[in-house]
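You will see two complexes here that share chain A, one where it goes with chain B and one where it goes with chain C.
Then we have the complex of A and B:
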């Protein structure tokens, strides 16, 4: 990380610091609606980082990351509702649960040379049968859902993640910043270079002595653990969980959009993608309403069209292009 | 650059501050003194719940004109929550920022709970039009009322109606099978059935409960199993597409029970059901809350619906339309009594609701301490001439029930 910071030009450093300062100070001027949108921006940036580690750096396509999100969310919320174990402790139990699932998926896939789209299918299958399992798991409410108690304004209880949007805003901001720092550090580490080598040419990487199975397993371990933390946040923010929503493939797709739009395999891609996508959705809703268009689904159609335009114009993602436009060095970062 | 101190006297600053304070406080004053209650109606108009959400939305579209005729003045903000709790939450924040004084929604329990969090924190009343998860009124929300039965109430009231149906038609079923979708609604119904059926005193035995995956391509395996058990009655909890698959497989396998009855679920009265099955859609019975065909409010609502939504049949949609209308009526009535739209006062008025004239069958709308209307009875609605028709209770029925249902042969 320090290496990247050292090699970033003054303009890049200034933009980073100003952006961070603006986000830290945003609650002073932002209303609750804007805060709720920003919470989603940081949340998707964080999850995008987690997925980008596996796909963008290690080159392994997962379409079932909702599995780790759901396991993290269910573990922490179930611990809280059933045993009174708070989320700050629960997260340390949720992480190994999700990581174990990730290791199992990774081991099955890479040990038996299931790669590419077949590995993606494996990840979907695991998420799907976990959803069906949770649909029948009585202790977590099965398909009827798991519910947390009401969280009232003014009753901010940081120790049990209950309270108003300000608490969630800063937690999501911290998560997004910490993930960016972590990913930047990993990218510059020897592990990061091994991931890139494995991504670009696994046979060549193996030929030069890189244990590709080990490198991929470490990527999966970190990625699933990070996603589990996002799941804990999700569970306590929404305070209700339904297997059909948490483990749904739609959830997996939702969390990979930001890094794809922002720039796969880049450090700031997931952040830029999340900054574009969430406000785009909200902006379109506002625009539709101000134009008096009340056709159900029209916003989603426009949203899809906008995504197609962005992807066709910037197939490598928005961040590398944006970095070049802003004169920042190291656009692939 | 120098500052012209003549323009910044202490008096002018004070006057400016006062004017600013008045301007900043203006929305609150306007909110409190508004003549029309501004209600945000959040519904899943797109996404996987779009069919039901759009039906509710049509109810919301026609409601202001009907309410106006009854002396209520409301202004609606229609919001599509896209069957997505993320969107439900942010759009609730936006709606309240834009002046919504009350929220109505949201058909699905997950979305409703996301909205409820915001409403609780911002002290804006939420009126649940449709949403059966018991937790909605069991979690301790102080700014939420629900004019819709819980899953348990639906089953209990549904079974009561089935008993009335047996009494009215003088049939003597000995056995029944319970078939339900394995989703959150279906499972809630199953739990209710397991808890309530043993003490309901019905004259038949429930020989088996069968869960099915709502995403299954057909229900032939389940129907084969039911056929093997040969029950007199098939009790079903379905959605529209599953109900079509179920009846097709039952007809295909030539299984002829006395009746197919839903103890409180959609599916058997949806327009798609009639279109897909034609005469085979007739004589199935749904024991659910329904619009009162003899209520003057329902009649006015139906007339307005026919005028504004000529492409849709009120008879099919009156469940969604009626409950959405009643939620808006409850809000408008509370606003009229409270004389203000400030959250706590409006909520107090909502909790004191005693509304005799409304669209759905049942006694006056009242809420208990938890915000739940515990007096929402079910009725028996039988498909007759491919139209859902109230056949029980007798005082609001427009036809008498027919059971056992006529054989499949000869219907097509």
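Then we have the complex of A and C:
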């Protein structure tokens, strides 16, 4: 991080600091709705970072990150509703649960040389398998869902991850910033360089003595653990969980859009992607409402078209291009 | 084996053949172009709605409507490849993936916008007829659908085996550079391939409409189903797609009958995981 920070020119530093300051101060002027949009921006930036570690750095396409999101969410919320274990402790149980699942997927995939599309399908299969499993798991409410009470003792206290929008706003902001710092640090570490080597040319990486399997497994470990933390946030923010929603392949897809649109394998890509995509979706909803159009699919149609346009015109993502336009030497990041 | 189990298995085989035809389209597209069509189920559902509309408006039986729908889908596929997908050939997998996810999103929500979320059944006069063979009772619609699926698949086999265009497409799949060197028009052949893949989808969708009610909610499940089948059978293997379809059809039917209908796809995914780990090239795949 120090390294990257050192090499960023004054404009880059100024923009970074101003943006951060603006986000920290935003609640002074922003209303509830704007805060809820910003929470989603940070949430997707955070999850985007988690996924980008595996895909952007280690070069392994996962389309089943909903598995770790859902396991994290379900573990923490079930511990709270069933045993009264608060989320700040629950998160430390949610992480190993999701990480174990990640390790299993990674081990099965990479031990047996399943790569590319095949690996992506393996991750989908595990997520879908688990989704249907949870649909029939009575203890967490099966397909009828798991609900967090808002009226029980202490449910609205911050130490139980309950309360007003400000709490979630700052938690999601801290998560997003911390993830950015972590990713920047990892990128500069020897592990980061090993990941890039493995991504670019696995055989050559192996020839210079890098343990490919281990490098990928570490990426999966960090990625699934981070996603689990996002899942805990998801569970306590929305306060209801349905297997058909949290484990859905739609979840896996939505969390990979920000890093792909922003720029795979870059440090600020997931953030830029989330800043572009989330308000776009929200703005469309608002526009449709104000025009009095009640067309349930129209927003997603536009979303799909935007995706196709962006990937056709800027396949490397928006961030590298934006960084060049703004004259930041961060474009190499 | 009891008569009931045998009944369930036969139903599974028949449904599986229709699944297999759908997956065949995916397999052909991937086998030749290495493009993973993530909008496969969405397009299948569009074909189901087409069959529904033709039946409602012109009283055209899905088995006959299959022909114009498959022809129209060939055209759609040809144009899609020519315009949208062609620039993405040979690009990174995740880029193709995003493009097709975008397409899938547009399609499924377009269907939702036009037809609404309700299921649209096709009520054929023989919908509830069945043949009795010894202890077996077999639904007439499933038999007809399975026979038609086999016929379409056979036509495709013959096309690839015996026609010049079919041979040329196989050449592209085997060795792209070699195919280009001997002067084959690869772009044109790719567009034909995508068209053929979608013709399978059009045919499979028309047949599917007779055994399941069309609804936008089916799309993603069908995309995953097609992938599961193709991976189990072997990506790029035509025979594998049909075998995988039958396998999944039977496993779904058995799990649906003996365990719980809502858990049937869990077994498909378990099967997929097992095949991926033990034989990643699929049951009939040649190589990875």
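Keep in mind that, in the parts below, the second predicted complex is superposed on the first by the 320 of 333 C-alpha atoms of A that agree within 3 Å, B and C clash if a C-alpha of one lies under 4 Å from a C-alpha of the other, contacts with A are read in each partner's own complex, and residues count from 1 in each chain.
Convention: a contact is a pair of C-beta atoms (placed from the backbone, for glycine too) under 8 Å apart; a residue touches a chain by one contact, two chains touch by 3 or more.
Everything numeric in this text was worked out from a predicted model, so none of it was measured.
In the superposed model, A:32 lies in contact with chain B only, and not with chain C.
Of the two partner chains placed by superposition, only chain B is touched by A:285; chain C is not.
When the two complexes are overlaid on their common chain A, residue A:240 makes contact with chain B while staying clear of chain C.
Contacts of A:135 after superposition: both chain B and chain C are touched. Legend: residue contacts after superposition of the two complexes on their common chain; A:147 is shown touching chain B, with no touch to chain C.
Touch criterion met: A:297 reaches chain B and chain C at once. In the superposition on chain A, contact of A:9 is made with neither chain B nor chain C. When the two complexes are overlaid on their common chain A, residue A:211 makes contact with neither chain B nor chain C. Look at A:124: by the touch rule set out above, it reaches chain C but stays clear of chain B. The residues of chain A shared by its contacts with chain B and with chain C are 135-136, 143, 296-297, 300.
Contacts from chain A toward chain C in the complex involve residues 55, 61, 63, 108, 112-114, 116-118, 120-122, 124-126, 128-129, 132-133, 135-136, 143, 249-250, 253, 257, 260, 264, 295-298, 300-301, 303-308, 311-312, 315. If you check the complex, the residues on chain A that touch chain B are 31-33, 35-37, 40, 135-136, 142-145, 147, 149-153, 164-165, 238-240, 242, 244-245, 281-282, 285-286, 289, 294, 296-297, 299-300.
Those residues of chain C that touch chain A in the complex are listed here as 36, 84, 87, 91-95, 97-99, 101-106, 108-113, 117, 220, 224, 227-228, 231, 235, 260, 262-263, 265-266, 269-270, 272-273, 276-277, 280, 288.
Residues of chain B touching chain A in their complex: 45-46, 50, 53-54, 57, 77-80, 82, 85-87, 89-91, 93-94, 96-97, 109-110, 113-114, 116-118, 120-123, 133, 135, 139-142, 151, 182-184, 186-188, 191.
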